[in-house]
Every structure is written in C-alpha cells, then in structure tokens.
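Chain IDs A, B, C, D, E and F follow the sequence of writing; residue 1 opens each chain.
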Amino acid sequence: MTGTEINTPEQIDRVLLRAIAEDVGNGDVTTSALIPENHTTAAELVAKEDFVVAGLPFFKRVFGLIDSSVKLTIRKKDGSAVKSGTVIAGIRGNTRSILIAERTALNILQRTSGIATLTSQFVKSVKGLDVRIVDTRKTAPGLRYFDKYGVKAGGGHNHRYGLFDGVLIKDNHIDAVGGVGKAVKKARSGAHHLLKIEVEVKNLSEVKEALTAGADIIMLDNMSVKMMQKAVEVIRSKTNEVLIEASGNMNLDKVREVAGTGIDLISIGALTHSVSAADISLKFGS
Amino acid sequence: MTGTEINTPEQIDRVLLRAIAEDVGNGDVTTSALIPENHTTAAELVAKEDFVVAGLPFFKRVFGLIDSSVKLTIRKKDGSAVKSGTVIAGIRGNTRSILIAERTALNILQRTSGIATLTSQFVKSVKGLDVRIVDTRKTAPGLRYFDKYGVKAGGGHNHRYGLFDGVLIKDNHIDAVGGVGKAVKKARSGAHHLLKIEVEVKNLSEVKEALTAGADIIMLDNMSVKMMQKAVEVIRSKTNEVLIEASGNMNLDKVREVAGTGIDLISIGALTHSVSAADISLKFGS
Amino acid sequence: MTGTEINTPEQIDRVLLRAIAEDVGNGDVTTSALIPENHTTAAELVAKEDFVVAGLPFFKRVFGLIDSSVKLTIRKKDGSAVKSGTVIAGIRGNTRSILIAERTALNILQRTSGIATLTSQFVKSVKGLDVRIVDTRKTAPGLRYFDKYGVKAGGGHNHRYGLFDGVLIKDNHIDAVGGVGKAVKKARSGAHHLLKIEVEVKNLSEVKEALTAGADIIMLDNMSVKMMQKAVEVIRSKTNEVLIEASGNMNLDKVREVAGTGIDLISIGALTHSVSAADISLKFGS
Amino acid sequence: MTGTEINTPEQIDRVLLRAIAEDVGNGDVTTSALIPENHTTAAELVAKEDFVVAGLPFFKRVFGLIDSSVKLTIRKKDGSAVKSGTVIAGIRGNTRSILIAERTALNILQRTSGIATLTSQFVKSVKGLDVRIVDTRKTAPGLRYFDKYGVKAGGGHNHRYGLFDGVLIKDNHIDAVGGVGKAVKKARSGAHHLLKIEVEVKNLSEVKEALTAGADIIMLDNMSVKMMQKAVEVIRSKTNEVLIEASGNMNLDKVREVAGTGIDLISIGALTHSVSAADISLKFGS
Amino acid sequence: MTGTEINTPEQIDRVLLRAIAEDVGNGDVTTSALIPENHTTAAELVAKEDFVVAGLPFFKRVFGLIDSSVKLTIRKKDGSAVKSGTVIAGIRGNTRSILIAERTALNILQRTSGIATLTSQFVKSVKGLDVRIVDTRKTAPGLRYFDKYGVKAGGGHNHRYGLFDGVLIKDNHIDAVGGVGKAVKKARSGAHHLLKIEVEVKNLSEVKEALTAGADIIMLDNMSVKMMQKAVEVIRSKTNEVLIEASGNMNLDKVREVAGTGIDLISIGALTHSVSAADISLKFGS
Amino acid sequence: MTGTEINTPEQIDRVLLRAIAEDVGNGDVTTSALIPENHTTAAELVAKEDFVVAGLPFFKRVFGLIDSSVKLTIRKKDGSAVKSGTVIAGIRGNTRSILIAERTALNILQRTSGIATLTSQFVKSVKGLDVRIVDTRKTAPGLRYFDKYGVKAGGGHNHRYGLFDGVLIKDNHIDAVGGVGKAVKKARSGAHHLLKIEVEVKNLSEVKEALTAGADIIMLDNMSVKMMQKAVEVIRSKTNEVLIEASGNMNLDKVREVAGTGIDLISIGALTHSVSAADISLKFGS
C-alpha cells in the first residue's frame, strides 16, 4: 500500500475476492474453452487519456489472488499524472489467469484513478491557498476504503471515515437535544476524549452559537460565498483555534473563490459519488 | 425486487450489511451521544433534481437491516421518472436508527438512480428503432447486481452477467487458438449447449470470417458508423438469425445514428463505469 | 485444475476447508494423544478396484490446506482409467498432518472418481455416435462444482451449471405464460442475448409447437424410444440448427438405443445423484 | 429437527444457503423472464418409489430461506416408510419462489432419504439381534450432519461425528507409539476423561493385546465371520464390559451372519458413501 | 442495547453465534439423548454475590439466537448494583434450548458484569472529583465491544476504540519522526481533522515539549504522584484547554490520590485485562 | 502449535484476524501519519513479572498475519516458567507492522499466560498426588481453544471441549427423565458408543444411584471435603473403574485437601473465567 494509509491486507483481499467472484462465478466459459491451460502471454497496461493514476496495488493484487505466478512490473506511482499512451505496467504470465483477472483489475483501477483525477483538479484549482480538499461519506457502497484512497492519491485529504471516528453534529441532532450549546456539551461527554466536535451551521446566528458553545470545527453548509466570508470574519475575530469547513454543491468553477474566503477545508461529495472512470486498457501481445 | 430480476434476499443483504458496516463501524458516536434512545422522528425522501428512480427496495432494506421497526412508505416505482421536489417515500421511526441508516441507504439509491437515468436517456435517443441498449461488465467492484438492476430500471437490457454465463470471444482468444473458425468451433464444444457464441470483430474481413464460422452473435468493436453499415449489409445478406452488437465509445450524440445502421444491440460501458449520483436527500421533521 | 474448467482457487479452498472443519473440529484427539509432533511417514494412494480417477487436485489440496510441507507425487491424470492395485500417488510428510487430512481427502476423491467412472461407462456405451452425455442439477448440495468436474473427467459434458446460466422452459413456465410460443418469445426478451432457449416437451404436438416458436433446443422428456424417434424426424425435417436433448430415467442398458435415434444430447441425473464411491485407500509405511 | 438430534438452526441454514447460492447464482433467468412476479401456485411432494423419508425439515427450510411466505404442509414424519404415490407434503405460494427452491430442496431430501432407506434395510436385516448399525466418517464433504441425520432416521446409530469427539486407534497410531498397550495408555492420558478408547485390530493376537491393554471398544477390521466368531469368544470369556464393533465391506447378504457372532456394532461406510437418491418429485398444479 | 452505545445488531449476533458454535458444535449430546423434544421448563437468573450487572441484552440474545420462542423477563437494568440472591431475570421455554444456551449466555454476562463491577469500584473511589475512569485497548481478543460496554455500564468512559479512531503518539513514533514537535505536526497533517492529538510523556521535560508542540491531550505515563502533580502545574499554568491523562499500574488504593492531582482522566488496563467473573447462575424449576 | 493439541491453522487464523480487525479497523491513524513506510525496528518481548508463558505461537502468528516479513525469534517454550526480566522473544522488521500487531499479539499472549500461570499453581499444590487439574466450559466467548490451550501449557488437563464431545448429566436432565438410572441408560442409547457417561451428584444417596446405574464418571458437585471423603469410600468399595471428579468453588488453599480424598479429577472454573493477564511488554530499540 502507498502513502500514509495502512490497512490489513486480509481486509482488502476480501473486497477484491468478492469482486472477482461476481465476475468469474463458476468459471470463465470462453477462456476455459479456448485458451490452452499452459498458454502464456505478455500484456501492457496503457493509458488512453491523461489522468492521475491510483489503485495500482489493488490492480496488481487482483492478478495475485487469481494466480500468484503472474508477474507485474509497475512503472508508475500512485498519485502521478500520466499522459495518454503511457505504459503504466507490464504483465507476463498464464494467459487464462490474465484474461480472468483483466476486467476486475481494470474496474477497480479505473474508478480509483477517476477519483484521483477529479480530486487533483480541485487541488490544482486552490493551489497556493492554505486550504484542504476533503472527501465525504458519499462513496460507492462497500468501496469506501478504495474511494478514499483515490482522494489521497489525487492530493486531497480524508474527512472522517464513517460514523464511528468523528463527531459531526447536524440539524437533527441539535433539534433532538434542544440547541447547539447543549449538543456540543453532550457530545463532549458522550464521545471519547480523542475526538473533536464539529457542528454544521446554516447561517450567521448559528455560527455564533457554535462559537459560544465551544465547537472545535464549524461546517458552513450550503452558504453563499458572501455569507461564508462573513462567517469567517465572525469566527476569526474570536479565535484562530477553530477550523472552518465549507460544504455543499462545490464545482471547479467556484472552488477557488470559496477557498479565498479563508476557510480551512472544502468537502466535496462529487469526488466519490459522481466518478468518471479513467480510460485505461490492457494491450496484449506486447 | 422489481421486474424480471430475482435474487435470493440473503445475498443482497450481505452486500448491504457490508456497506452498513463500513459506515457505522463500532457505532455512530454523534448519534449515540446526542439522540435519546427512544426518540422518534418522521422524514421524507425528496428528489432534488429530475431523474429516473431505481433501487428503492435496497433503500428500504437498509433501514430494515438496522431496525425492523422503522416504517417506510414507498410512493414511486423503480423505473419511474420523478421531478425535482417529488416526495419519493415517507419514513417514520426511531431517530437513531434513521440517522444511522441514512447515508448508506442514500448512497445505494443515488448510484442506482444515476445509472437508470443515464440509461433512460440512451433508450429515449433510440426510440422507435428495434435496438436494445445493453450494459457491460464495467461495473463498480462488488456492485454488479445493483448496477445491472439500475440499467434495467432505466429501460436498458443486461448483457451477460459475468465471465460464467456467456461466451464472448475476443482477439486474444482467437490468437491463442489460431483463427476465428477454430475458435467458434472450440467454444461450441467446450461451453455447455445452452450458450450462444459471440465473437468480437474489428473489420469487414473478420465479419466474414465470423459469419462463415457460424457465430451466433457478432460484435462490431469500435467501428465507424460507415463500417458498421457495411458490416450489417454483409451479415444480413447472408442471414437474419445472427445478432449484431455495436460496442465502443458510445455517447448520446451519436447513438441514434449507430442504431440506424440496423444493428440489434448497443453496449455502453459508461452506463455503469461513469455514473453521476442522482440528487436525493432525506428531509427530517416532515 | 485440469481440462477446460477454471475456477478461482479461493472458492475451491473454502469448500475444502469446510469439509476439513466438519471432520477435524477442535482437533484429532487420537492423533494428538498418540503421534509425536515431529513424526514423519510415507504413504501411497492405492486403487482397490478398477475405476476412472478424478479429483486429484482436490485430494492434493486438502493436504496442502492442513500442512503445506506434506509432499504429494501425483502419478495419474484425472480422467485416466486405473486398475485395482495401481499406486495413484505418493505422500510423504508429517504423520499427524497426513492422518488428519486422510479421510477428507479420500471422501472427495472417492466421490468424484465414482462420478467419473459411471460417466465413462455411459460414454463408452454410445461410442461412435455423435451424441453428448451430459449431467443435470441433481448434485450433492454444496458440491456442484466437484460433481460436474467428475462428469467432465469421465468424458461427459456439463449441462447448464445452475438456474442462472441457461434458459430451460418447463411445463410450469408454459402454463403460467399461456403457451409454448409466448414462453419462448418472453424468454428471448427477458434473458440476455447470449443465452439460447431450451424447451421441455412431453409429446409430438409440443415438439411441433416448440419448433414453430423458434426454440433453440428441444428437450424430449421421459419419452419412449419410439416417440423420440418420431420427434427427431419431425424436427430434422424442418431444421438442422435445433439441438435435441433426451432426458429421463436413463440407464446403461438402453442408452445406446436412445442415442441411435439421432438426438444430440442425453442428460442423466444418476451421474451425480446416485454415486458409488470408488474404492481407494491410503497405505501407510510404504 | 426430529429425534434426538439438535443443532443450531443458524449452522444448518448456512449449508442450505450455500446450496441455494450454487444453484441460483445471480438469479433464475428462466423464471424471471416467464413467471409474473405475483403468480401463485400449489404443488405436491410425491414419492415415485417406496422409500424411508428423511430430511423434511431441511426440505421445508430451503423454501423458507428463499421466501418465508411459501406455506408447506408436511404430512409424513422423518423415518417413516412411504409407498410410491404417497403425497408427502403440500406446498402453496409464490410460483417464482417455489420454482427457485425446488431443485435444491429436492436434492437434499432425495439424498437424505436415500441414506435412510439403505440404513433401514440393514436394520431390518438384523432385526431381533442386539446389534447397532452405525455409520462412518465416509460422508459427502460438507454434508456430514445431514448424512448422519439420514442414518438415524433410518433406524441406525451414529459413530463418532469426526476426529474430535471419539478416540479410535488405528495401525498407524500403534506403529508410531510402539504397541497396543502403550497406545491405549497414552490415549487415556492425552484425551479428556469423558472419551472411551477404541482400538482397531486385524487378528486374534491383536484382540488379546487390546484386551490386556484395557481398551473400551475393540473394532474387528475386515475379519472373516469365522475369525470374528473367535474374537468374540476370546473377548467375552474375559469381560462383558468391552464393546465389539465389526467393520469392513459389509453388505445386505452377509450382515445378519456377522451380527449373529455376538458383536455389538456393525459400521458400514456404504450407508453414506454410496447413496442412491430416493425418487421424489414436485407435482405442480395440484 | 443500553445507554449511549449503538452498534448494528448483526455484528453483535456474529460474535454470539461464534461463541454458541464453539460450545454446541454439532449438538449437545447429553440434552439430545435425555430431554424430550417438547419438554419445557422455567428458570431464574440469580446473583450469587453482590455486583454490578452488565450484558443483559447479550445474555437475552443468546437464547433468542438458539430459539426465538424462549421468553425472558429481564428485571434489572445494566449498570445497576444487585445483591446476592437477587433474581435478575426469569426464563421460560423449551428445556433443550435453555440448556444449550445456558453456558454461553452466562459466560458473556459474567465477564461483562465482572468488568462493570471493577469499574464501578474505581468510579466510587474518585467520587466527587472531576475525573473520568477510562479503559484501554487491553481487552480479550474479539470481545472489545463487550468489554468496553461493561466499562460504561460500570460508570466508566471509553478511551479510543482501536488504532483507527484516535491519535496517540508514543515513544516509538516520536523516535522515528525526530522529536515531539515534529510528531504532533505530522499527526495533524496526516490524520483527519476531527481527531485530537494525544501524546504520551515520561517526564517533565517531555511535558513541556508536548505543550509547546500544541498537543491536545497529554498522557502522563507511569509517573509518580509527585511528578504528576508537577506536570499538572506546568500544564495548567499555560492552558486549560489541554486534557491530562494518567496511565500505568493503577489500583484501588492509590487511584484517589492520583485523581487529586487535578488530572482529567485515568486509564486502567486491569478493567478489562484482569477480570473476575461475577458469580451468577441459572436456577431451574422455579 | 505445541504439545498434544492440534487444530487447523486456518481456524486459528480466523480468530486472530478478527482480533486484529477490531483493533486496526480501517487503519492505525497514528502510525500511518508518523512512521515512514520503510522504517524498520527491533524489539524484545520482556517478562515484567514471574509467570508461566503460553501462547507464543499465537503471538508470533499475529505478526505473520499482518506482515510475513517481520522476523520473530522465540526463545522460550510454552509451558516454561519465566522470571521477571527474561527476554522471551526478539522481533525485527517493519516498524509500522510491529506497532500495528503489538497490542493484539500481547492481548492474546498475556491472557493465555495468565491462565497457564494460575493452572500451574494448582498443579503444584497437588504435586505427588494422583489427581488431574481440569478446566471447564467457563471460558471467554470465542476463545475456548486458546483458554484450554493455556490450561494444558500450565500442566492441567482439558475437560470436554463443549456440549458435543462428552456426556455430562446434570440435575435438570435427571428431573426431565425421571431418575439417575433412567438417565444413564438413555444417555448410553442416545449418544454414540465412544462417549463415557458422567453424572453430577449432590449427596451420597445420589452417589449410590449413579453407581448402580453404571455411570462411568461421577462428579461430586459442591460437596464438603468430608462428604467427598465418604463418597470416595462408597465408590471405591464397589469399583476401581469409575472416575471421580470434584467440582465447585475450588481455591489454592483447599485444593490439596480435596485432592487428598482420593478423587481423580478436580475441575476449576476460575482457571479460565477469572484470569489475571501476565505482565509482558514489548521493549523497542533493543
């Protein structure tokens, strides 16, 4: 695995094995019928457009899970920008094994690379500003680890992984408790002491309430850039400790303007919920 | 489950439970700390743009898996077009349960509806022509069943599910065997007798070879519309039994022209590999 | 794995591990108490009657799953006929491991070889005729992959694997739809285009209906040889494209007569539902 | 569950779900295409030969796992002899569900009934003699629980379930330890105190050794009836406490003669390794 | 489930099912042989010493997983102190089911109650002081959720659940990075923004380093009470924002003195690594 | 694995993997953020008190499951007494891997060693007497294999593993059947013939009943030493074949007196239900 992310290989394998199982089922009827058992081949993994590559360890592992004798030579690092035509990896081994692994391996690589590519565009858009592009929990069911991996490879940062490793208080929580102040206090008492308390706010009066309540992070939800600007001023006039996060319907056109308000983080659901697969293919016989 | 698709509920549950597990982990720290155990609430599932809805049984089941006492009233059928603002479902029950289920349930519904929506646009584009829009194996790893479900809800048809339930002979198979003719013959002998034999071809000479070899389906891969036109003529001059499939880099602009060549099927990877999540959200307190 | 069959090793391992688990449970109390931990032994796998061997890769894998240091030398190929007394394999390694693996490994090998042996008797009976002996879905629960493997090793062919990879229309389907013609048409529209349509018929009038409806395969169910003969004539007078399958209560006495009617396939449930284990044992100290 | 056998339903369900999964895969393409979603039907489970029925709870559970709304009325008890033509159960409910469950439910019922039937024949053969017919570990991989259930339903008794719940010392154990006496002593010390010690012997001198060593059970392996007779005399002249078991190549012709020697148990591998499926089928529209 | 803890029932069930499986295996041979299938009984869950009860939902669920018709009437709440002789619950239903569930249900209840009891003793010892008793990751393998549940029921608080939901920098991390300051900065950048940064320190100079580096929480590891006192003074002279945690070899004798130094949290491994089972038993026939 | 215990490695791995999963979850955030990917380290496993070590194969395997390149040099054997300060093992390899494995590996080792240590104290207390110290089914849920392993490493013996591999008749069984005599007879008929019949008795009249009924083992439950003495006399006056087991509230003070009565086995729940973790830690940089 690359970068600052660690996970037990066994857990990753289980996801990949399920993906293999849904494609291969009780066997590849075409390949079984046509390809001699000991036939070998060489192939190249080729970029068919410009993109940021991510997910090569998973790509490689799919082959390993099907046939550990297939050899892969990975020539690029996750997170690097590749040009159309680039040979990203070489593959050599049993033809049956390569054909069976091909689609599953590409599916995971193309999705993860698509995520890295879109993330890197947002990161580039805010270049020079002290702001983090972060993801959300809007990931493909069962693929959160991989989706968030793509975000990091593209230069983004991860938000909390799930409901279990971060406190984020929303409207409904506040309503049930009876006010922002009470909510922040209850959260501090109920959650373990290594977690910060983040609160979602919709307007300036809620911003002030959150500040007074001692929130560690204030999320400005779906605000206009103008309102965000004022919110930042209100907060920064009181403290530099609190983190400010902007959230809601972000796109490449307006992200730099939003970043310019002085916020610390911009969270973007589209990074993982609306992914365009990077165009990558295996070229055989090379 | 809707339409002509059947699957054991237990298999679907397993996918949903894994998606829940990756989000909830060892518990929702925010909700546990803030929402009283017996607090109840009502919410509505609201469309925030126009789209074709798909995946409501899965959406509902996520709530059921977390808390069988939560009541959902589904007001729309999978496959129906909904307008922005439409209330698709009502939800009533334990607040903790609803908050914990919310994101996972939405993630699956938004993806599947996104797939149905794009599919329906392609289907509309070829309205009146005798052609099927079909999917591919380019699905999100672990989600093939759900992705293909979305395609059907959008009016498309499914291609083979995986490597196990259909014979599709590609270049590499042909090279290893030594010619289209030999490949088709070997496939007929090796695969069970309920499977047709489909062959991928790249030019007119391969089309003729495939015809002679007795292929049941001929896939025209990445051909120009002009070449497709000729291929159809060559094939139809010989037989009406063989199915003709067009494949490769399809988009909404050219799909009708392609369909006009007289082919039977158009397979489109983007239906499932480049999905834009439909914009849907839960509105609480309604 | 042998022949034209491919499956991910991980799926096969799971079945074998469950078989090991049900036998070994929390440990072999006899062996633990009696055999010194580092004791080694040599043994031979010996045929105790004449049969067709099948399942050697599974036999070997059981030992590998328990102790990868046990060495097996396989001397026969799956599908070969062995005489009583033949040494099929040599085994050498830790005595505890060999004793623990022995029964599970033999159970799978004896069943699969039993299937191959019976299949090969049917295949021999129709020697020289252009007909395939095929299996059915009447397999031991959880062992379909292995049972169908045995059929292939014995020279037979596989029918569809399960309900998912082949269309076979029966009485009940036809009744629910309202006629053979409608059923075939609906099946073509509902199933993906790589699947042929097979219809089960009970008499000549149904044969004609199926023909008219354009079925790809017609299964003659439980017909007398005489009626089969007529059915073949009716069909072949119209087309050579349609496959004809005979099904129901087949035995070694009448199979050649049935094959002589000109049908293409004979499906036999007994191949897998009424198996006699081949007599094979481990001889230690050799 | 019937009789004196108990097992957690969850463990049985897991085996049945895997059997369902291997048959249904990603869906029954025929039924999905042809049977309307809300179509209902009635069917009867009919005996097509005389046999002893066993496995009805599993048969019923397969339907329950696929669709809990399908209603079954079981009319016979496991272990009862049924005549050809007997209606064993009535089934009523969703047609799709019934068609999908049919084969898996029958496969388990036919195998288990086949086992019960053969067992009951052996039991009848020794009627009036004080001897138990017992099974072995020669069961279909993954189906031991079900196979042993069939034996009990047929009037037989179970031997140890696996390697973990009974001590059975064989040649190889004795050789490794250095004699029957040492082996029995080591087994008593190594195994927990609730287990008896059984020893396999091949001739009269080993019988004596085993007796002297204090074995609780002596298994006469592959002896002639004459030798068995002498072995029983030798043992009974010393003690009535020790159990005597006969093992090896038993059949219906000689079992009564063997039983007449005065042994206590006869273990028979064929009960479970060479099963003929009982002929049972679903009759629809009844 | 009680209190502020939430977890999907499915995950808890899986742990309980495994515990049942290891005890029941292929069946309770004694109960199967002796208790008639439809025999029913009533029993009471009785405290045999004074303790704080915890784990009743798990106790109840074990019965439910084995036989949903068994009725339990829970009379006490988790977290309540019970006296020896107290009837905690009534149980009524199938005798076989109750006997099979008994041991597994008691094992989990006795352990969790033992944890709650010890925790409550520590909590009582620091009564009136503004300090939290917290647990550690020193739990029984596979039982962390249950162990931490016991701590909360006893009035304690949970520390981070595992390595994934809290940053805790130790010696080895600092050494690898090159100093406390660098470590805190790197942790802030690498971990997501909802996590606080805790640092473990061994002496006063490290306390100062951690303070300067901007740590959110400082853990005083294995310090004398005197040194702790000084550490608290150093920290509080600078800021009231930083949390102070004491850790290492705590016991009931010294915990109040430690708490008196003004620290915020005391973490205690023994709460979960050295548990004495609470004495509880089922009394039948009541 | 050590001693006379055997289990399939795959089953042990599954337990260890679950323990790893609950600690590591989706990654070690601290280590990921701070430790360079290729950083290596050396560490020593050091005893911090005197104890009997047990569980080293499991300790080692945890590292192997996370990173097979980490090297461990085990210097002590399971079952050996180690002094405080002893280096039990050396560890060398990737720092991230070692830090991630550390806690889980220690948790299992400390518990198992704690069990071995307490067991060895009981065993020492009865030195010279012909009596076995045995465990019970009062183990931590999911850890029975490991808990019983610790008992053997400490010089104790195992009782039956679970409900499936030994017959133990208790009050409730006897009440349901109607007397000790009937119960023993029914158990002999219902259980397989390799199992002995143990009966729990509470007073001398029950002792006599059990004797008459032909029980193989008589368990004296919660008797005074005086009553035990008499029970032994009653039994031994009749037979030397029957085993006598003492059970209930045993401690180190009275165990030798109990053993002196002439009983054969003393079963002690506290060996596994009230464990104190042995004090062991990893020392880095050594």
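What we mean here is this: a contact is a pair of C-beta atoms (placed from the backbone, for glycine too) under 8 Å apart; a residue touches a chain by one contact, two chains touch by 3 or more.
What you see is a predicted model, and the numbers here were worked out from it, not measured in a lab.
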Labels of chains that are neighbours to chain A and to chain D: B, C, E, F
Degree value of the rotation bringing chain C onto chain F, based on Cα positions, nearest 5: 120
Pair exhibiting more inter-chain C-beta contacts, A-E or B-D: A-E
Option reproducing the contacts of A-F, where over half of them reappear, out of E-F, C-F or C-D: C-F
Chain F against chain E, contact positions shared by both copies (same if over half, else different): same
Distance between the centres, which are taken as Cα means, of chain E and chain B, whole angstrom: 45
Intercentroid distance (Cα basis), chain F paired with chain B, Å: 53
Gap in Å, rounded to a whole number, between the CA centres of chain F and chain D: 33
For chain A paired with chain B, centre-to-centre distance based on mean C-alpha positions, whole Å: 23
In chain A, residues with contacts to at least two other chains: 4, 22, 24-28, 31-33, 100, 145, 161-162, 164-168, 190, 192, 195
Contact set on chain A toward chain B in their complex: 15-16, 18-19, 22-36, 39, 41, 95, 99-100, 103-104, 106-108, 110-111, 114, 137-146, 161-173, 175-177, 183, 186-187, 189-192, 195, 269-270, 273-277, 284-285
List of chain D residues in touch with chain F within their complex: 4, 132, 134, 157-161, 164-168, 190, 192-196, 198, 217, 241, 243, 245, 264-265
In the complex with chain F, residue positions of chain A that touch it: 2-8, 10-11, 145, 161-162, 164-165
Chain C to chain F touching residues, read off their complex: 17, 20-21, 24-28, 31-33, 37, 65-66, 96, 100
